[in-house]
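These are the structures, in structure tokens.
Next come two complexes, and both contain chain A; in the first it sits with chain B, in the second with chain C.
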Partner chain A sequence: MSITRRTALALALATATTLAGAPARAADDIVIAGSMPLTGVFAFAGIGVHAGIQDYVKIVNDAGGIAGRKVVYVAEDTAYKVDQSVAVFNKLTSQNKVNLYYGDSTGFAKTINPELNRLGTMMMAGASFATELNDPKAYPLQFMAGPDYTEMVGILLQYIAKTKPGAKIAFVHSDTEFGRDPIGPSEAHAKKLGLDVVVKIVTPPTAVDVSTEILKLRRADPDFTIFHGYVLAPLPEFMNQAKQLGLKTKFMGTFWSMDNSLWGKVGEAADGFMGVMPYRYYYDAEGKSPMLEKIRAMRPEYQSTPYLQGFLTTMLYLESAKRVLEGGKELNGPNLKAALNSIKDFDTGGIIGTPITITGNSIPVGRVYRYDAVKKAMLPNSDWIQLGK
Partner chain B sequence: MIDFDWLFFLEVSLAGLGSGALLALTGLSFVLIYKATRAVNLAIGEMLMIGAYAFFSFSAGLGLPWWAAVPAALACGGLLGAVIERAVIRPMLGESAISVLMVTIGLGSVLIGAVELLWGADPAQLPDFMGTSPVFLGPAYVSRKIVIGFAVAATVITLFILAFRFWRGGVALRATATDQGAAYSCGIDVPVVFSMAWVFAGVAAAGAGILVGAVGGISPAMGIFGLSALVVVIVGGLDSVVGALIGGVLVGLIEAWTGTYLGGEFKTLITFGLLIAVLMVRPYGLFGTVEIERL
Partner chain C sequence: MRIATAKESYAADEALFDTPTQRVWLALFVAVCALFPFTANEYWLYMACLVAIHVISVTGLNIVTGFTGLVSLGQAAFMGVGAYTVAVAETRFGTPVLLNLIAAGAITAAVGAVVGIPSLRVKGLYLAIATIASSFILHFVFANWNSVTHGVSGISLPPASILGVEFGRPFALYFLIVPIAFLAVFSASNLFRTRIGRAFIAIRDRDISAEVLGIPLLRYKLMSFALSSFYAGVAGGLWAYFFRVVTPESFPFVYSIFFLAAVIVGGMGSILGSILGAVFMTMVPEVLKLGVGVMSPFLSDAVALLSPVRTIVFGGLIIGFLIFEPHGLAEIWRRIRRFFHLWPFKT
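This part shows the complex of A and B:
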């Protein structure tokens, strides 16, 4: 192939740009990379997670890094599309010696799993709490920084069984992989706890109006309605109409619909909404929370629940990396995961209000919070609930 | 015979009529543009979203009362329609229908990006301007927002039907739709008609956006509602205003009945099944003009 002057110039220019664009990086840096949904339907979460990872990395680097090694974080936007997430993964892992990866969706976690296992160089976590991923055999190099979706609903069911034995339950979920995730096993769990699942309502992903669903809910007249598979809409409209109709049911949700600022914008109708949270809120002042204090010092304004998810995920990444390095082992996927699974009664600095132990791919701990419209805050409504205990 | 709950059926049907009206109003925007310019505008969901966000800014941001915020948001919708037509669509005149279609897909992405930049990615709620007391038609409960949505959609669509029949501008639009060359030779300013169609479509989309946002909240992902409306106009006929109304009501009712008696997971299946069935029997939609070129 002959190279013309123009091609040579273009090549030189491209090389120069790449070199100029890539920050200087030491060979022993610990690299966290991420496929981040900074735009698209999940941008609300991606932006928070991104900031949380950045902040924890900064805290660690300011304190001298991990065993003297600097932590570097690189990420690119995926718009919450699996193909783009994979492209970002390929790009970032070919440009960097990545040790830890953050994935943006269940679809991506499943798609990339064989490649992750083949490479064996990194451990991965992400925004997905899919029940399917909570299987150390099938997903040996992945984990999630909280309970999986079935465990989240399990925590709610346990709370209900304790506060109102024999209660009538309704499940409302979106007709998506995310929405369907915990429903089957949760029905069985509810039965085991002596609760009565009176209706299951499915909403299509494009649903706006929920009038017909409310009519169904009214006929079933449950004591508790558990939503899953949504961020915010259509929950407020459900609650508004239920209030209009005088329904007595209490509404509950799972992690991604628990952000305080989102409910703050809903106003009066948000009052009484409950849900499961694996972490404390940004403003929680109870107990000792040195990490929350650090976060509040770094960022005086409220930080979202996805922020805390990103922050804690990074804490677990780097705690694992620290353990691997302290053990004098190579920083690779299996060693990182083994180090993660050695975490026992670990203090998260108050992010989770109880010491955590990670034996598999999840942390089956959470607490029920309840929104108070007068105080404009999610407030704790139960103690920390640990499944299996 | 099993005991059939007629009251429940009535309530479900009323809810279906209401959500069908929202679909019809969005469908109207599709139809206006297609009828005048033969362009299929896949960015209609995003235009609707801009209308909702404009209302959000005027009401929640600037604190305007709803009677001032609604016209202001509608004006923004109209302006957006005009700008899109002048800056993006008119340069595409004479290009193939597929090219224009692709441009509108890109336009949708641009509008989503603009919303994320200007308003952020978090979902939000529109201020409640419709009141919260429930409406009962006899013993049957209907959501207040849905009643208002239905009334607005029915009024707007009736106005458009009358305008197409009796108003000079409406007649000019119909003439342009039928034969551009003949319309030109009769002295109709075709580019102005094109602009007008986009402006009215922008206003209708903004109106639909305010109603959809009031019911379902707003977020940069709300434009996906436009996809449901696309089904409505294909069923009703891409160039028929009456078709949008009947298609909307039909799809709304079928979705409500399906969701109630079969389960929500069947809604999309049945809706798109209906779409395929209609396309097989009447490829131009129930009320569309026969010579419509399919994409």
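This part shows the complex of A and C:
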């Protein structure tokens, strides 16, 4: 027994020592690193984003890289825990000369940004669309590949104000930082658009029984109910019960609840669910979208909305890197961010159906999609809406 | 083989480190800890600081759960109290770091004593539920006491600074956190050589007998909770300086389970167990990540494929330990030591 134990120990030690050396990389590689939630509550998003980044990196490398430099992507699992995300950040940045970073949560972004500013070597984006991060003064090296949560709700409100002026709105949000994020500013925005916020309902993030909330909703009788701060549950339960009670309200959601495969599993009750999407869906065929065609050629099966988020984030990373290198400047955080902010009327190859301009930390563009249970697909229900225009 | 360790006085019998060999090893360990920051990179320093914070918290939990026999699932929430205390003190009053940490400990101890009140009437699972309830109450306070905690968005704080030296990076923080962890562990070991510590153990072994022996249960049970919470508070305070953002979501309920698991895996009622448990629970997932890394050359996209497997392996390891070594890692350690003590006579 003692011999096997010793052997095991020796083996473990040997493995550890072999691993201590970092893998060899060319000095001028462009390195994208990521704290990825590949397990845990946010795994569905992490797996999608991870694949999206890999695919875009592959497309770029197959075409010869950026200004002749190869792009390398390294990532590790964080289980969607801030302490592990920071551990991964420290590990990957000490093993590689990282230029671009992908973070998995708002908490991580807030924790790591002071360090990012201190290092000044990289630009960061991530899975968080928190309104707080959309502030170039406080978060100079951060951006998000889409509208922030307040802008997402803003796009929905703009759509409502256009289709049904003076409509009554209900907000249903989870009792988390994520859930509360857009509620305050969105209330003010609704008022400005002449919409009437009749009720705000807060639930735990994993609410199962929603009968009391449904009664509140029935009393308030809104025309539109906007959910925020959930992925899927308890949205289907809300919609089922509302249907049984004969409520006329239309249900809407924000980006993380918009994945097509999630709603496909809900079935009949999902019909009519609307929400804001900053990107086209994998299967969207309208218009010209060479990038979507490339994705469909690489991966014949449906790819999730987080996949597209990861894909577009990488496209913006590498577009910024390209602009920095073409300008003959050093590849560091402030230069990358300046290059990102020089992006004007940029064609994303059809991922976003309209040219984009990034002046700050977000891309305030989106479109309202509506789920059709018969066709089992989210279908466009509005034109591309650009806030501030 | 260990020879010539006959004790001639009670003091020698009670000594924490009773043989020269032990003292030499300890000195070596301290030396390695002191030199470690100069050889390790950011990642290992970060992990060392995180382990040290967990060691403090697990030691605290071991005082109440392992030594006094009161199951508590509120450790994460107590850390939250400490973290918020430090965050508020640092951002509003700008008081010195060490004072903030002591305040974090003291306030958390007070909260812990209040939470410990049900322990006078209920034990075991019932007490566990009571502490869960209080941890949910504390989370509600963190999320809704806007004027102090800034609600869900939380508080960001500047790096700790002592006498003009800034403790921002893991390298500097190591010199703040690790000595405090040493002090905490050392104090805890000493605690169980005193009347108070012995009283805790008596309460764990049979509370009615303890009372008959003249140990006031009210005072000692609350004291145990307060002491344990003091540790959690200090650990939480260090956590706040380490991550520099404190939000209600920083200390989820599963974090409490993490600490309880560390106590059980390490060894209930053993200070060494607290250290080993904290190291195991923090480092094993990281070591398993190294395993995933080793597979990457052979398996394309090993990170995505093996990450779920990693969590299963981690869970399996914990279950394995519980089955094969219910007394925890501390017992394995003791066995290894015994082997060397007796070597070469009995192996």
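Everything below uses one rule, namely that the second predicted complex is superposed on the first by the 364 of 389 C-alpha atoms of A that agree within 3 Å, B and C clash if a C-alpha of one lies under 4 Å from a C-alpha of the other, contacts with A are read in each partner's own complex, and residues count from 1 in each chain.
Here is the rule we go by: a contact is a pair of C-beta atoms (placed from the backbone, for glycine too) under 8 Å apart; a residue touches a chain by one contact, two chains touch by 3 or more.
Because the structure is predicted, anything quoted here is derived from the model rather than measured.
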Exercise. With the two complexes superposed on chain A, say which partner A:D372 touches: chain B (first), chain C (second), both, or neither.
Key: neither
Quiz item: Between chain B (first) and chain C (second), which, if any, makes contact with A:E187: first, second, both or neither?
Solution: neither
Quiz item: Touch check for A:D29: first (chain B), second (chain C), both, or neither?
Solution: neither
Quiz item: Does chain B (first) or chain C (second) touch A:D135, or do both, or does neither?
Solution: neither
Quiz item: Thinking of the overlay built on chain A, is A:I47 touched by chain B (first), by chain C (second), by both, or by neither?
Solution: both
Quiz item: So, A:A87: does it touch chain B (first), chain C (second), both, or neither?
Solution: second
Exercise. For A:D271, decide between first (touching chain B), second (touching chain C), both and neither.
Key: neither
Exercise. Identify the partner contact of A:T176: answer first if only chain B is touched, second if only chain C is, both if each is, neither if none is.
Key: second
Self-check item: chain B and chain C contact sites that coincide on chain A, given as residue numbers
Solution: 39, 43, 47, 175
Quiz item: For chain A, which residues are in contact with chain C within the complex?
Solution: 2, 15-16, 18-19, 36, 38-39, 43, 47, 50-51, 54, 75-77, 79, 82-84, 86-87, 90-91, 93-95, 107, 110-111, 114, 118, 132, 175-177, 180
Quiz item: Within the complex, which stretch of chain A touches chain B?
Solution: 39-41, 43-44, 46-47, 175, 201-216, 218-219, 231-234, 236-237, 240-241, 243-245, 261-262, 265-267
Exercise. Mind listing the chain C positions that touch chain A in their complex?
Key: 41-43, 45-47, 50, 143, 151-154, 156, 168, 170, 243-245, 247-250, 285-287, 289-294, 301, 303-304, 307-308, 310-311, 339, 347
Self-check item: Contact footprint of chain A on chain B as seen in their complex
Solution: 8, 11-12, 15-16, 18-19, 22, 112-113, 116, 121-125, 128, 132-134, 141-146, 212, 215-217, 219-222, 224-225, 227-228, 256, 259-260, 263-265, 267-268
